[in-house]
Amino acid sequence: MPQVTAHGIERDSAEFARVVGFSDAIFAIAMTLLVLEIGVSGLPEDSGGISDMAEALKDALPQIVSFAVSFYVIGRYWLAHHWFFSRLERIDRRTLSLNLVYLAFIAFLPFPTGLIGDYEENPIAFVVFALSMAAVSLMELVVYRHALHAGLLRSGVPAGIWKWARLASGFPVAVFIVSIPIGFLNTTAAILSWFVLSPIGFYINKRMPPEVLAYFSRY
Amino acid sequence: MPQVTAHGIERDSAEFARVVGFSDAIFAIAMTLLVLEIGVSGLPEDSGGISDMAEALKDALPQIVSFAVSFYVIGRYWLAHHWFFSRLERIDRRTLSLNLVYLAFIAFLPFPTGLIGDYEENPIAFVVFALSMAAVSLMELVVYRHALHAGLLRSGVPAGIWKWARLASGFPVAVFIVSIPIGFLNTTAAILSWFVLSPIGFYINKRMPPEVLAYFSRY
Amino acid sequence: MPQVTAHGIERDSAEFARVVGFSDAIFAIAMTLLVLEIGVSGLPEDSGGISDMAEALKDALPQIVSFAVSFYVIGRYWLAHHWFFSRLERIDRRTLSLNLVYLAFIAFLPFPTGLIGDYEENPIAFVVFALSMAAVSLMELVVYRHALHAGLLRSGVPAGIWKWARLASGFPVAVFIVSIPIGFLNTTAAILSWFVLSPIGFYINKRMPPEVLAYFSRY
Amino acid sequence: MPQVTAHGIERDSAEFARVVGFSDAIFAIAMTLLVLEIGVSGLPEDSGGISDMAEALKDALPQIVSFAVSFYVIGRYWLAHHWFFSRLERIDRRTLSLNLVYLAFIAFLPFPTGLIGDYEENPIAFVVFALSMAAVSLMELVVYRHALHAGLLRSGVPAGIWKWARLASGFPVAVFIVSIPIGFLNTTAAILSWFVLSPIGFYINKRMPPEVLAYFSRY
């Protein structure tokens, strides 16, 4: 029966499942709270006017876009977290603490999302947004690094994995940092730059040795 | 032991359970956040007046109705999601992504719910509400289609299932779209039209071949 | 392997667990959202004054009390839900629907809680609060009744169980209804009446035949 | 098959898992709701000004700090809860009730967190914050005590465990209480005193007999 020992929390124990379920709750709440940042304002109460509402929705558009962008980005972090935990053989105390720090950054994201939704043309709002995202990616890397070095991964880890994990997870950090000066010129262009730079990620994947790629895409 | 392989996440693995639990958290939060859109306003603080409060509650009635309608509709989507996942043999990477897009639309629903609750006579508010619902139904169809074509369903899928799934899940899309012009005349009538059109859904079910009906009602 | 059949969702299947997990998420969110209704107001921003804050907290006291009362009441509903699902052998489609209606009333509770917290002396606010609670207790009874009559309970159900379940679960409905006229005189007295009437519940338990009591207290 | 008996809810039963999952949902929501207390104000809508935003963020800094401090403290409570439940053999009815009271204090924490974030220099705000934290630690101790005395712990409990559990869990209560008079001089110093006093906790751990320490650090 899998359980909690001095070596850590084994995969398939109730305690392992609890860590995963708790993390998912944080992810789900952060992703759903984002919608509370969307709102229409400046409308007379019980307004029935078509043009008034169209105007108000146009003003709410940046908030809807920032909801969509954040849901997309946090969703990708969730997929990575999901994949990462499926590779773990067990968790130790340090993984628990690092995972909590990682989740703190995830739980913080509704704030910069609301900020960029309300002040979509403000470069400082964009900097807070980009730095928050970069911080999540960086913490992700810290958690991966610990798991690899503490031998928590399931068997069959290919050699050279850390080099490629660092490249694949470090790449978003670089993208977010690079987008900051663009944000001082134009915040929309800065967000678009994230999507424009995405193909480089595919290029990184393409250059991976087959066994590393197979390990990363184990589903 | 069920697990994550190159072919996807097998049913009964911890990872399959995680996807389901994460989806449920998004559903539950979206359904419960709806209540935050209900509020009384225009009342003097600490008012003890009976008629003042009765008046304020009357003004809050459209918000309470839109809470109830949304809880009902999202509840039906949850039932469909629950049923659908009980039919899956495994999930692949694409199902994960499509499911996240589907959940983004679910997480978005508190916004149109609040909008129609605050501006219950505004046709544009109703259009946003109806289009959001149609988008969820459409994404549902996209997820079903992928699962069927990628062979992710458990054995015993009857022939002709896709024709009927398309009909059963596409029907709400049609209802929501059809209600939009009605919304420009009267928004209450438009919401009522959803319930008036429901019997057509029962008629569709009645015409299904027995083996398809049996498959759909496997509980 | 327990699963979903034409007879319903068997206990110990992944689908049974999903219904329970989804219900718990609704409970947990409703109970935690209650805290958002607490707030201090009328304070100058960044106020450092001791007496100002003491005054503001005194004004927030009814909100803190209504948070505590609601958390207590919803917590008791959760305990009952927990106990009830531990007695089920399987769930059918109707249980799913009735459970969703029950959860809609649970998800609605933050609204009357906020109302009574803000307008603690308003009899109408109290009526909404008491009726909402009575509605939850009533739906609880409807779900129990269905499970009993559809034969969904685990073996060993004692004769006469329904008579006593009706008494035990119907009692809170009576208490909430009885407290409504008291609320028109004094809302604090009305809430206190709930706790004053509690011992009658203990008296009901005491008169139960031993096998019924044993069944109810199976943990 | 583990189940619910007259002696309580056994570890590895679906009901035991439900209690844990429900607790985690409360923890996760309380920790994530904290972010809603952060906000910028006093900014003209759609402001693009760099210095305006920098100013507004500076004003939001105490809220960000109180988010971080609360996330850290509640995170530590979650770790303790996680550890504690991994040591339980079964739960009885009283554990369920005490756990609910404990969770009520956890769910309450976003209120004092918001208070100290908005009125970071107000000693009364700090007192509410410190007392809330002390209340959680105290309830933690009450739950531990009950589990120990009711014999709910898994085998291998070392003698003298209660003395050390009381010391380890009672220590934060003392820290929070001690910080209150400091809060009347300076609230920032009072929060810092929590971290300054932390090493005493390490010193307590160091003096534990090896078998007690081993039991506490079983992962």
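Chains: A, B, C and D, in written order; residue numbering restarts at 1 for each.
The rule is simple: a contact is a pair of C-beta atoms (placed from the backbone, for glycine too) under 8 Å apart; a residue touches a chain by one contact, two chains touch by 3 or more.
Source: prediction; values computed, not measured.
**Q** Given a C-alpha superposition of chain A onto chain D, how large is the rotation in degrees, taken in steps of 5?
**A** Answer in degrees: 90, to the nearest 5.
**Q** More than half overlap in residue numbers between the two sides of the chain A-chain B interface, or less? Answer same or different.
**A** Since fewer than half of the residue numbers are used by both chains, the interface counts as different.
**Q** If you average the CA coordinates per chain, which chain's centre is most distant from that of chain D?
**A** Greatest centre separation from chain D goes to chain B.
**Q** Using mean C-alpha positions as chain centres, tell me how far chain A is from chain B in Å, no decimals.
**A** 26
**Q** When the C-alpha atoms of chain B and chain D are each averaged to a single point, how far apart are the two points in Å?
**A** That pair's centroid distance is 36 Å.
**Q** Residues touching two or more other chains, restricted to chain D: which are they?
**A** Chain D, residues with two or more chain partners: 17, 21, 25, 29, 33, 36.
**Q** Given the complex with chain B, which residues does chain C contribute to the contact?
**A** Contacts found on chain C: 4-9, 14-15, 17-19, 21-22, 25-26, 29-30, 33, 36, 92-93, 96-97, 100, 103-104, 107-111, 114-115, 118-125, 128.
**Q** Considering only the defined contacts, which chain D positions touch chain A in the complex?
**A** 11-12, 16-17, 20-21, 24-25, 27-29, 31-36, 38-40, 43, 45-50, 53-54, 57, 64, 67-68, 71-72, 75, 78-79, 82, 85-86, 214, 217-219
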